[in-house]
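Before I ask anything, here is the structure I am working with.
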Amino acid sequence: MKVRLGEVCQLIGARLEGESEYVIEGVCSLEDTGPARICFAEGNRYLQKVQSVAEGTVVIVNSDFPDIPGHRLLRVEKPRHAFIRVTELFLEPMAAEGIHPAASLDGSASIGDKVSIGACATVAADAMIGAHSIIQSGARIGPGVVMGQGCLIEANAVLMSGVTLGDRVVIHAGAVIGGEGFGFVWMDDHHHKVPQIGTVEIGDDVEIGCNSCVDRAALGVTRIRRGTKIDNLVQVGHNVDVGEHVIICGHSGLGGSATIANQVMIGGGAIISDHAEVGERAMVGGGSGVPGKVDAGDSVLGIPARSIRRAKREFAAVSRLPELLKAFKSQTRELEALQARVAELEEVKNSG
Amino acid sequence: MKVRLGEVCQLIGARLEGESEYVIEGVCSLEDTGPARICFAEGNRYLQKVQSVAEGTVVIVNSDFPDIPGHRLLRVEKPRHAFIRVTELFLEPMAAEGIHPAASLDGSASIGDKVSIGACATVAADAMIGAHSIIQSGARIGPGVVMGQGCLIEANAVLMSGVTLGDRVVIHAGAVIGGEGFGFVWMDDHHHKVPQIGTVEIGDDVEIGCNSCVDRAALGVTRIRRGTKIDNLVQVGHNVDVGEHVIICGHSGLGGSATIANQVMIGGGAIISDHAEVGERAMVGGGSGVPGKVDAGDSVLGIPARSIRRAKREFAAVSRLPELLKAFKSQTRELEALQARVAELEEVKNSG
Amino acid sequence: MKVRLGEVCQLIGARLEGESEYVIEGVCSLEDTGPARICFAEGNRYLQKVQSVAEGTVVIVNSDFPDIPGHRLLRVEKPRHAFIRVTELFLEPMAAEGIHPAASLDGSASIGDKVSIGACATVAADAMIGAHSIIQSGARIGPGVVMGQGCLIEANAVLMSGVTLGDRVVIHAGAVIGGEGFGFVWMDDHHHKVPQIGTVEIGDDVEIGCNSCVDRAALGVTRIRRGTKIDNLVQVGHNVDVGEHVIICGHSGLGGSATIANQVMIGGGAIISDHAEVGERAMVGGGSGVPGKVDAGDSVLGIPARSIRRAKREFAAVSRLPELLKAFKSQTRELEALQARVAELEEVKNSG
């Protein structure tokens, strides 16, 4: 794949400084530049680094980046965004490879146009696969699954029966969507399963990371709304409702019936309790434990989660606590000494 | 599936208030009722909600729930339990689908009566599969695995060689049973593996959640006793002994050789250290870290875990700590001022 | 497999105390001894236990272990190490089973000498599998993967496209290597994916645990260097660099671009933030959260992680905090009382 510098500038809205015919063949990082490659630097703090790369290197920089004679600097407002656009130019679209002969499709499944299905993947009865979707090797599409167009189900991912996916959903390798929720009641001397007969609905443009799990609802629907991105090894319990454009980082867990509003961001390793509610655009710091409610727009941290400002003050206070205990002890002694002195003065007065 | 109201009442021990011929076709939640459906409400706090659903709705309620004319209320002692019983009426039993032609079975494996094995599942040499068990597509049954009757091994779950399962065990999608324990010693300038030649034994009626891992013992047995339920993404280390009827919520981890007694409950994201011991019926709160021993019957919380009452007092105390530091500083100043005043008084006395 | 005691002594450098012809047929633990078995006891604290096992039992003990007439004690400096050596004698080497007819290999893949590939495993285009490697059933080897010699890829593990493995690498069941990193920027009202076009390189003798995930780099390489051992359910983010001979216990997570130097040890459930740096031979305690930098050789604990000594002092101080709050309140009252008494003395003086 080759692209002329002129085309690149047009794509990202950069002023062309001559050489529109220079040919770009790929992207690179600022640490690993080379001829015919393009990289980016966001912010003038990278000046020294950009100066140090070979003459002629193509670098997307911010508008007010200092000039470096000999370098090919493309000035834009948001270098990172521009770089992403250029990178996308060089992404090879996944070829529609058709259905591998070692895939196993139930005769009642409905397979859309230009669908690819890898070796040893299975599609069960009554499943419907939207056009241009890709199902990699070993993925399991359960009975009655409905999948929109342009989805990507990676290797060994599992969609249990009846799960519904919108368009352009990405389920990364090993993720399990629609497993049974974890619900039991103590009955007749054993933990008796609460039947988990609900389902999972996943909106357009959602991504679910590798080996993450989204449980089906006990009754009704576990819902992940459009545009939400979930990292690896995340657990989403039954009947959870995750809003639109939410970010959930790795190793986090959402307990049953938790509600996460639109555009929330949840850091890595956070635990959201059963039935907890996190309001719109709230941020939950990594490693936090949310027992109840986080108001819209709040940023919280810690176990239990409280405002991030409060949490940081408390962390700092705890670090001073051993010294405080010592100081308190010494102050107690001083107070006692003073009490004795006052008692003596009082005695003098009384006896005076 | 259709069931008459009279039969439902008989099943759950509710007094029939006429209409034994009314036909029920399924269950629903109180949020999503409809004709021919049955839902439940546990506790009088749901009165307003029950009043608001359409006339004639069938609701299982507690014995002393207020009467609502026009509704079909079925009174029982434990509405949730009764509802579970009714729901089970409507569960479609998984059909015995036999062995899919795209499954791969070793000739030496022994397959019980009415076993179902899905496409692209594999059963290795000398494995024994009990009658009525279901092995979904892509599940891996290793060499010499012994499985009881009525087990369910979901899609892409893995039973490594030699693992033993009781009856009615459920291994959810993507779980791995019998992986090598994580044991190394530093030897000749590298981490040398301690051979992991033990096995895993899982009792009757155990469930292991999606993408959870149970490691084989170094020597001997990693044991999960009957009736225990383990959620998704849980790690059970080598040589762990988990008792009967234990509940372990998502994202928890049990370090090597930990011992968990009967009927313990462990919240989400808890970490039980290597060799730790949790006594019978103890409760470990979500996100806790248990470094050593929890006595039978205790409830613990926090890192490190202490009694839940103690932990909550400490959480509250920490939240007052920043103010305490300020107050202490000001008290120090007051004490100094007082010391000066007393010194002055003493001077007067002495010079007097 | 049978080994004479004389050979065992020679292997582990133990002095032979007669009976070189006694035959050993396997290893066992001290809890479960038997004839023709060999176990070990490290330290004199096991004396009573060793005395209690049947006469004639073969036990590897430390050099200065007390003599027990009738037992077969093999004295060495490091009983555990010696026991590992003996155990390895009895490990059955995995047989080269060749390529299962139900495996699916792309014609362009290059398969080394004596490679075993299990049923329903897949090897995609242009993959290169080194000699003596074992790919278990259901494992997915993506396009262009390069794997050294003697690797073991367990059941249902996934190597995404282009991943590179050294020699003797073990990828345990269900692990996913080379999933897309979790990188998004907010662009045009949605989370826009930062293309993840880098790769993963894994050094010789590395092990990655069951259901763990190692993401590919955005640009460049996510690297795990030789000899490093990673437990189950661990997340390694994009562009992370993990040094040599590192130990990472279960449920830990390494955020994007984190750097872990050689011989670091990370306990279970620890969270290392994006871009954090952990210096050589540092130790990170279980459940810790590392927000920034840990110096070489340091041992840290807690959220946020601080020196383990400091953290333990602070944990202890927090446990005294509720009492401190009470004591402070009472001291405040005493101070006020004293202030009143001093004021009275001053009044007397002034009026005197």
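Per-chain numbering from 1; labels A, B and C assigned in written order.
As a working rule, contacts are C-beta pairs under 8 Å (C-beta built on N, C-alpha and C of every residue); 3 or more make two chains touch, one makes a residue touch a chain.
From a predicted model like this one, the values you see are computed outputs, not experimental measurements.
Participant: In steps of 5 degrees, what rotation angle do you get fitting chain A onto chain B on the CA atoms?
Facilitator: In degrees, rounded to 5: 120.
Participant: Same or different for chain B and chain C, where same means more than half of the interface numbers show up on both copies?
Facilitator: Homomeric contact, different residues on each side for the most part.
Participant: Distance from the CA centroid of chain B to that of chain C, rounded to the nearest Å?
Facilitator: 25
Participant: Name the residues of chain B that each touch 2 or more other chains.
Facilitator: If we look for residues of chain B contacting two or more partner chains, we find 120, 138, 156, 174, 211, 233, 251, 269, 303, 318, 321, 324, 328, 331, 335, 338, 342, 345.
Participant: State the interface residues of chain B toward chain C in the complex, per the touch definition above.
Facilitator: Residues in contact with chain C: 104, 120-122, 124, 138, 140, 142, 156, 158, 160, 174, 176, 179-180, 182, 184-185, 187, 190-195, 197, 211-213, 215, 219-220, 233, 235, 237, 251, 253, 255, 269, 271, 273, 289, 303-304, 306, 310, 313-314, 316-318, 320-321, 324, 327-328, 331, 334-335, 338, 341-342, 345, 348.
Participant: Quick check on the complex: what are the chain A residues that touch chain C?
Facilitator: My answer: residues 27-29, 31-32, 80-81, 84, 87-88, 90-91, 100, 102, 118-120, 136-138, 154-156, 172-174, 205, 207, 209-211, 227, 229, 231-233, 245, 247, 249-251, 268-269, 286-287, 302-303, 315, 318-319, 321-322, 324-325, 328, 331-332, 335, 338-339, 342, 345-346, 349.
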